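Next up: the structures, one after another.
Each of the next two complexes has chain A plus one more chain, namely chain B in the first and chain C in the second.
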Partner chain A sequence: MAELLQILVSGLSAGAIYALAAVGFTLLWQASQTINFAQGEFVMLPAFFVLAGMTIFGLPLWAAILTALVLSLVVLGAMFKKLIVEPMLPHGTLPLVIATIALGILMKESVKEFYSAQGQPFPPLFPQHVINFFGASISIQDICNLVVAFAAIISLQLFLGRTRTGRAMQATAQDPRVAEILGVDVKKMVMYTFLINGALAAIASILISPVYLAKFSNGETLGMIAFIAAIVGGFNQIKGALLGGLLIGVIDNLAAVYVSAEYRTAIPLILLIVIIMVRPQGILGTPEGRTV
Partner chain B sequence: MTALRLLFLVAFGLALFIAPLGQGNYIIYVLCSWLIFSISAMGLNLTLGYAGQISLAQAAFMGIGAYITALLTMAGVHWIVAVFCSIGASFVIGLVLGYPALRVQHHFLAFVTLAFTTLVFLVLRNEDWLTGGSLGLVGIPRPVFGPFDTMKQLPFYYFTVVCFLITAGVMAWMLHSPWGRAFKALRENPIRANSLGLNTTRMTLLAFAIGSAMGGLAGALQAPLVQFIEPGSFTLILSLKILLMVIVGGSGYFFGPILGAGLVVLLPEMLRFTDGYYLIIYALLVLVVMIFSPHGLIGLGQKLLSSFKPREERGDLKQGAQL
Partner chain C sequence: MLKSLLTGTALAAGLGFAAQAETVHIANIAELSGAGAAAGSVWADGVHLAIDEINESGGILGMKVDMREYDSQTDPLQSRALVQKAIDEGAFALLGTVYSSSTVVNMLVAQQNGIPQFTGSEAPSITEKGNPYIFRTTFGAQKGMPKIGAYLKDTLGVTKIAIAWANTEYGKGGHDAFSAVAEEMGLDIVADVASEQGQADFSADVLKIKNSGAEAVFVYLTEEESARFLIEAEKQGLDVPKVGDTVLTSQKVIDLAGGAAEGALGHVGLSADAPVPLLQEMDAKFTERFGYRPDHNAIKGYIGAYSIKYGAEIVGEIDSQKLTDAMHGLCLDAEEYPGVLMDICWDENGEVARESFMVEVKNDAQEITTILPPN
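Entry: the complex of A and B
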């Protein structure tokens, strides 16, 4: 029982971080039909912005994090949109898929060549204590990660549902043409979506790097998990991506303990295949209309 | 077929036979792997360029083909028998995987095939009683055809050329048959194809299975070429590489994947002097090609050609297209 509780908490904590990446992934898909195959690398990179700020420019941790956040907004948000997505969008999804794959390789190799190929220790943001809760040892770090990730997603949800800009963004995602007719600045709303994705990636990166070291190849698994979470939960729903992220986090941790370590990575994949066969729109998703 | 095209084909065929003469073993090895990846990329081109479905399972099918051929030939079975087993198994697995997956199509198919590739890798790595685990299989024999022994590099190259030409011939024949035209119709306008009486689901499934079978054939050639296979060579990265070959070359064009395979296989060799930076340059090149020419290099070539020599189009056809 204590063991189960322990697995559940660490699974939820990891899952909440996965959910951040998955939410960004679904937002991009909704706003501009961009399937971002570099999403994992988007989560890998900001941690290196922080490390570079601290080691090369000698900034204190908080200033480095702030700089990394701004850099992520500029590089992963605005530049990604302007330089890569915009010129390619009129040609359909396929060239864009290839381009994001290439972008992922570019980011990964650049970090490897210009920073380091070794995993880098990342300064912890929260106390490293472990508390004893009914016999289960639960780390403060996990709890804090869970809280921060949830706070980010809830404030995003509130922004999208309660503010004028947020609603305009939702309208854009549902039907850009109608939104434009109703006076929404569609281009600006799509840009906001890309900025939000950059911010989410930065938060996820800074939360997850103290747990697993910052390494250039982190994006491979993170990207895969973000896809799976987004699809399992529902490709066109933020709630879906959140549920998917949490589910994958918990299942992955359960599989590590109760299934063999060798086939641990297979469990989320099998879940993915089953969901696509049985319910292609995802657990919480609504079916997409056929485009004729 | 115009005279120019015929001339080009003959020149290409001649170049294939002359290319390895007087070259070292390593160059011949690179040429062999170019031909093998061309076969694999042509298979994916059938799925992607003609039937319009993104598959990321090509590496898995190459792996399946390579392992079946390796295990059979190491057990003493002749390569000819083994290669038909590889092709057959890939075809059947393609059907079994494709039948449920093609209900969802497009980006969902990409994700299902992505998961499949990773699952195949896990099985190859973990079931070491059969596959040798992460150490792989060593000492795969090269085929012997009576007096013609392919143990040396040059004979093996010509053996690969023959396999390549047969595959390309079958592919060209298939694309010009009513069948192949149905594939094209499927890509251009699936709804119209359906209303003209084509069973689109069955055609798409067949395109996927045939494409997979060609992946199996490529694997069956890869195993005796390298004489050593391990699960790590058939991961998602390879699937992405094959996808790159098709897209960068020009998907939906017959020679697109062959050009793309040449580029993807040879470019690392050419960029060797840049040391560790070659992947960075490579990724940048792909990005630039994608931004400026989403239809690949052949598409770019045709665009350039038509800007110098505008093709005369019949006015009535143009008008019809506008209706």
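Entry: the complex of A and C
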């Protein structure tokens, strides 16, 4: 029982971080029909913003994190939309998909070039203590990661559901033409979505890097897991992406402990195949799509 | 006009030949990117330091070394192609690769071409295949395992052991060698956890070990994975001794894992913290030039480059086959050949015999606890 509890907490902690990236996938899809195959690299890059802030500019950790957050909004949000999505989108989804794949490669190789191919230590954000809970050793870091990731997603849900801007963003996602007729500034709402994705990627990056280390290739795995999580949960629902992320985090840990550590990476893929065959819209997705 | 053109061409060709004849071409094939970059790029820096020193002090047999570097991207097939490319481009001797999974594949190409290869790989299988052209720069994992087994049993007094190992050629070699020693010594392996190359999440691995009842864990992973394992072990409060061979307590892992490496124990073949003046001198030069301390891979790269120089000078000419023949059974005394840093011998299989150390990580550095004799 104690072992299961530990697996659950550890899996939920990792899964919540995957969910942040997965939510970004669904947001961009909803707002602009963009499938961002550079999403993994979006999660990889902010950690290097933090490291550069600390090592090159001598900033303390908190200031480096704030700077990284701002840079992520600018680079991964606004610049991504202006320089990649807007010019490519009129040509259709496929050219945009290819453009995001190319962007991912560019980001990865740039980090490798400027910051070396080696993994870099990343300072821990939370105390490295363990608490005993019903016989299970629960890491404070896992709990904090879980809390921060959930806080981010709940805040996003509240923003989308309880604020005027959030509702305008939902209206834009549901039908941009009607939203425009109703006086919504559609371009601005789409831009907000990209900024939110940049912020979510930054939070995921900063939470995961103390354990995974900061490395140029981190996005390969993270992007794939987030993409699978978004499909499993439902590509057109934030709550679906959240569920998908948590599910994959927990299943991955359960599989590694009770099935086989060697085949753990295959389990999410098996889940993906099963979901596509049984419920193609995802666990919480809707067949018609287009709601945030 | 034609005559002068021909004369000019002949002169240019002659000058080119003369320039070529004054250099010795050595190739370094290393993991400069990919999962093995932490090992390969450090190895490469060790090689650079040695080659520059060699060139500054007159080269090899009076000829400058032309060192060409190739990035295997930690891909065995890529490394194989690059070894062939390096040989086609005229390499007289090869350095690298570091990852055993690559070396077992690419050393066959060097063998087919009759080119000696000085590797940083430690998998036992490397020198067990009867390839006369392969030479280690440190001893294989099988040599360290009896020392680690004895340390676990006699010094730490444990009987139940967990193994966390990399599912690669390097990891399998170490795992099999350690398992055999554990069985021989009556150590009970209660958890046997394999992980993939480049694995980022070790939470399940650590949990499995933690709940196995193991009194100590033997960690046989590569640099970044070792660091991630130690970080996760600290996160989950795995408070049994973490013991490794060479990598676990290397400076690279200490730097990556930070405080999580504190207290890790290990057997190491080469350490910048060893009480050996030549090693300390190399440590100082390396740190000054590259801005970080050398780990075992950097020292191996350094020794590899100097081994080629000394071997060629003992032979007295640049001849790949003669160098290969001379290296078998060769012993180099560090007083006479300071570039090898410590007395070293190669046997008929290219395996190395040299002193080694037991270390503990204290205050973000290796602290030598025992000096062990060559075996």
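Quick notes on this structure:
Going forward, the second predicted complex is superposed on the first by the 288 of 292 C-alpha atoms of A that agree within 3 Å, B and C clash if a C-alpha of one lies under 4 Å from a C-alpha of the other, contacts with A are read in each partner's own complex, and residues count from 1 in each chain.
Rule of thumb we're sticking to: a contact is a pair of C-beta atoms (placed from the backbone, for glycine too) under 8 Å apart; a residue touches a chain by one contact, two chains touch by 3 or more.
Fair warning: this is a prediction, and the values are worked out from it, not measured in the lab.
In the superposition on chain A, A:89 makes contact with neither chain B nor chain C.
In the superposition on chain A, contact of A:5 is made with neither chain B nor chain C. In the superposed model, A:171 makes contact with neither chain B nor chain C. By the touch criterion stated above, A:276 is placed in contact with chain B alone, chain C being left untouched. Using the contact criterion defined above for the overlaid structures, shared-chain residue A:227 touches chain B, although it does not reach chain C. In the overlay built on the shared chain, the residue A:186 is in contact with neither chain B nor chain C.
In the superposed model, A:14 lies in contact with chain C only, and not with chain B. In the superposition on chain A, A:59 makes contact with neither chain B nor chain C. Contacts of A:75 after superposition: neither chain B nor chain C is touched.
Residues 112, 262, 265 of chain A lie at the contact with chain B in one complex and at the contact with chain C in the other. Residues 35, 84, 87-88, 91-99, 101-103, 105-106, 109-110, 112-113, 224, 227-228, 231, 262-263, 265-266, 269-270, 272-273, 276-277, 280, 292 of chain A are the ones touching chain B in the complex.
Against chain A, in their complex, chain C makes its touches with residues 32-35, 37-38, 41, 167, 193-196, 198, 200-201, 203-205, 207-208, 210-211, 223-224, 227-228, 231-232, 234-237, 255-260. Only residues 48, 54, 100-101, 103-104, 106-108, 110-112, 114-116, 118-119, 122, 125-126, 191, 240, 243-244, 247-248, 251, 276-277, 279-280, 282-284, 286-287, 290-291, 294-295 of chain B touch chain A when the two sit together in their complex. Within the complex formed with chain C, the residues of chain A that make contact are 3, 6-7, 10-11, 14, 112, 116-121, 123-124, 128, 130, 137, 139, 141-142, 210-213, 215, 217-218, 221, 252-253, 255-257, 261-262, 264-265.
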